[in-house]
């Protein structure tokens, strides 16, 4: 019994953590390159879920097989999010490149008000059911410990995304350009790189991930989408990103999972009431001992 | 002579209220090594930044190989072979030496060529080879300067602009840099060099310009300027 | 400078608003969250009230003090936040509303009541079920009760739930709530009833009104395997809970209160909703004599919208206010407040009359079970 | 020599970064009221040495004595308090503060106005403020950039910023002034002016430890010097002694 | 404010006098133009000004991003609620025994106590996280804010009911000065002041005090140290500034403002519950500081005024305007308000990246051309 409980919690934690991770990746990438916390990222994810919801309900009505629906919906959602994110960067953030650090932060908050309002206009104020595009049938692992197909996919996806991003950033030319831009936009320009392109690309990649995260989150959180749905996971993902070392890609994933586990075990063994407290306590403790996150390596500050 | 490769006419640049550059006229011809000297705050760096599209110009004209490059962003200039080594090095601190060099070759697609050139740079600056995988940010000031120089060369520039490339370099290293400058120049690369070490600069250069408080106040053959007591008094400390 | 608490429109006041000579316009306030997480419920309440107002105006036979009265609903957004609640309360007082329908959340109704009470204005909430709302209500300067509600309170609801569960043989019950004023309040009374009734509360847990992942706490409950799980919270969270119970293979039956006893719950919970038990503080619209008619009317007036929970109650709240108005034959808030105690009529939700605290008399609690995607009444507790 | 006339005495400093030994058993003694030079090829460890003695980098080992008193270079601000002020190779001014404000900050460690005093504007605090301002202005003029007192630091040209950094350091009333390449980015004429300035500072009773690559400048300025190479001491002594040292010539000047 | 400083002492005295008179008459004007609701809104605005000024100490002066500032507001509010309401005695026999009709501690005790308590909270938060930089710090403060709220929400169990949980604490005493309760109308003979008016003057006094304190701090040795820390902490250390201490000092001082404001909020509203202290509130206050002009006191005040008045203003105009324009409500009011607020924030930042009223810097002044090389 106890053992089963432990593993069930473990699974639950990893799954939720993986979703946090997917969102956190977006935060981390944008932070990494511009050093700004794009709070509106949570809304991008929300839009992803909403669009996917609309599309899939249409396609289901049209009688397509669920898997196809899922893929198409995801595709459209990613497109939508990328466009949205591109516009945000182009028109709201780019003009603020040389503005004080906190300026974009407030812009981001303004943007999320805005996007939420628009979402309410389009999709209304009340939560809408999100179609079950992935079977929630329970696969028994052993004893009474089980995991749903959907959950397996979620965990898988987050790993794939991380790997993908890592290769992109560490191995490719674009990735190198991203890292260069993140250090010094001006000098990167001198290298023949158009920093604006690189930054837009970063935002759009983050957005695509957010779209997927949104869909997974909507399905995993009791199959619903709501204009308000971005807030909580957005905040948690932000925590995750920092916990792992903001700007650090594997860090985002590790952070997300650690956070998910802290919540699950906190709720399972101590008290659900203080679930979020554990999350933050873990964070504080980690940061006290590793001031730049679990994996965030601080580069020596030369004097 | 033919038309200049780079030609600056009546350049004006201001930062907010501050008129950093009032009136700069300068021509750099194909294959030349031109040096620009002047005291602190004269406006040299600003002039170069305006040339490479890093600060907006308030007035005047800048043309590169006949075409106006007013408002052309730096990344498009590099594509046309106009490259700058910025003041204060501007190496990518969180990237390794090798990666920094690769950034220099961003627009090139000849893998082997790039590899070869990296080796070439390691040849010129052995210290970089020793530290190939160290993060640039943790290198000494001088080491960073070498890297910045090498990185710029990686893009095979037609016109290389250098802003105080020997700042903070040991005499030995300064020699090295100037040797490099001489070689690339002799290989036919056009160079515009801002240098505080006016003596060395003028000795290496074909022609020189002098800037004071935002204006080019004189120019001429480098050798002549070396003997000009105005210059000697003001910039050679003799 | 300062507006004396009790200055309200005399019957002849503000002819400006009056369209025709003899007609006077009377403002009734409505406070509910139209933004934020439960905006949909707030909207529902306001629409319920709006329907009543439209109806009465359409009839156009409301005569007070010999003058024809045209009602006007002043709908304000309290965002479910006490502070904004107080602000809009003051705004409505200033706008000289004669009475208020609202607010939705007890947490907002209570601080707002301090302002209405002081201004001698009566407040009728269609959905605030926390006992303290009437218990700790403020008296008007004229000494009348200012806090009324047309729904049963959480004590009634809580004990009804507790009793029903025990009747059905519930021995081990786990209680979860969303740590909101409402959810926790209701859960507390359920817990009390169960304990008094000798049932075992295996664990008492609290999440939040934004929780979407219950797996952690559910894994814990699973180990205790209770035969019932009570959810003190809203429909959207409740639905997630219901689904995840199923995914984790919990056998326990889910029970919840009015917050989750909605069409929305069924819509969101899908198959997992089957067999879920929930109560409603009052009769469900489906069981109301004129319920069907109301629903039809509602969907006609507000295309694309469905009755959520409390619009029928908001609807009757307006009628209660009007009844008081008639009884007092005045549109003076104090007089209305005074007359409210005596109000009694057969409304949409059933008989509407109040006890001395301001609670509805004989407020029924309806226990319902979800059978093939429909709420079916399985018991009605007095 | 007796302890009295030693300002700074460092014994056996070691510092390594991962595998790299940036400093190996470096020792030196700076006499009071003298100018001491620290030179060496790029990457020799000069700045690292500065960072160590000022508490910015934690040394692996070493003994530190300032003005006869033993000190542990652990907290940077403590070191500053005990009397070592420094400038940075890559200038670190308070970019958005005016030149004057920058220097006023330098007075912080020598003044004590607290919360209450500041809020209630007590006589003492008012006076202290006045003094700080006066002293700061005085220092700006002293280094010759008085007319830029209301310029925002980041808008000053490189060379002017260097002078400002010196003024700011002097504001802490240091016993020892440590300068990391103050002449970098100056032309010969400006270097001459700088030399004059440093002489003046030294004559006015502040001991100076200076890193500089301009051999001409350092040789005529310094009373004694140490040459570092790959983190180790190459030669040590009077300029004339160093000047003729083979190792120095080959490693630093790069042959003849 | 700042412009007053530039004037000669005599004029500035005059200016201050004018401002004072205007501020004294403000509520009457508001009452006349609008109504009591607006006076009430202005009361809240004054509280927000205090909060913004307090946060500005931390974010604007010392450059430490604090996303959990509301926690200090909560601490102050709850302390007053506990000390000046029957709650404790209703729930704790021991206290009941000692104070049969509940605890009712006067303003003179609660304000300083609230301030002190908040300051301590500030230190407790600050101490462990001093090493943290920029956004790491920001996040921890965010966490701290949430943790406080969660505890307020959960410490309401029967048995040990400290905060009454989500139900919140009601029947908090109004501020009473010399026996007069500000909740009761005050008749001055020529005019009767309603509750809202009396609180207006109380809050106004506190705000004026806060502004004064902020100015004094800003132009002090400490103010400079904070600025230096904000610009370059390593250089600041090298100047002998004990970065640890002045960071803590900033947190503590900032917190006191929050604590006092919180106490006022509690007694003004008479009811508090955890909902009033969410993370969103912290964000809004931060927005006030940044939109107004970080580090610039008049700017911060402007920011607070706008951010708290604008949404309420919309509440009043949006509907009428829609009705006037389209003849009916086309877009749901609540949504439209959110839409406008969001756009406003974005646009302000776009067109005034440093805030609406930032610190005037060197670049803005016309430069008398000084030849830089003149030093040589």
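Per-chain numbering from 1; labels A, B, C, D and E assigned in written order.
Heads up, the rule we're going with is that a residue touches a chain if its C-beta (ideal position, glycine included) is under 8 Å from a C-beta of that chain, and two chains touch if they have at least 3 such contacts.
Here the structure is a predicted model, which means the values were calculated and not measured.
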Hop across touching chains from chain B and tell me the fewest hops that reach chain C.
2
Taking each chain's centre as the mean of its CA atoms, the one lying farthest from the centre of chain B is chain C
Just curious, how far off is chain D from chain B if you go by their C-alpha centres, in Å?
30
Need the CA-centroid distance for the pair chain A / chain E, whole Å please.
32
Intercentroid distance (Cα basis), chain D paired with chain C, Å:
73
Chain A to chain D, mean C-alpha position gap in Å, rounds to 48
For chain A, write out the residues touching at least two other chains, lowest number first.
120, 273, 276, 300, 302-303
Multi-chain contacts in chain D, i.e. residues touching at least two other chains, fall at 17, 47, 56, 88-90, 92, 155, 157, 159-160, 189-190
Hey, what residues on chain E touch two or more of the other chains?
154, 234, 238, 332, 335, 338, 362-363, 372, 375-376
Mind pulling up the chain D residues that touch chain E in the complex?
54, 56, 75-77, 80-81, 85-86, 88, 92-98, 101, 104-115, 118-121, 125, 128-129, 132, 144-145, 147-148, 150-152, 155, 157, 159-160, 163, 168, 171-172, 189-190, 193
Within the complex, chain E is touched by chain A residues 31, 37, 92, 95-96, 98-107, 109-118, 120-121, 235, 238-239, 242, 246, 273-274, 276-277, 279-281, 283-284, 287-288, 291-293, 301, 303
Which bits of chain B are touching chain A when the two form their complex?
52-54, 73-75, 78-79, 83-84, 86, 90, 92-95, 99, 102-104, 106-107, 135, 137-138, 151, 155
Inside the complex, what are the residues of chain C that reach chain E?
1-3, 34-35, 39, 76-77, 79-83, 86-88, 90-91, 93-95, 107, 110-111, 114, 130, 132, 136, 179-181, 183-185, 188, 206
Within the complex, which stretch of chain A touches chain C?
1-2, 4-5, 8-9, 11-13, 15-16, 120, 124-127, 129, 132, 136, 138, 144, 146, 148, 217, 220-224, 226, 228-229, 231-233, 263-269, 271-273, 275-276
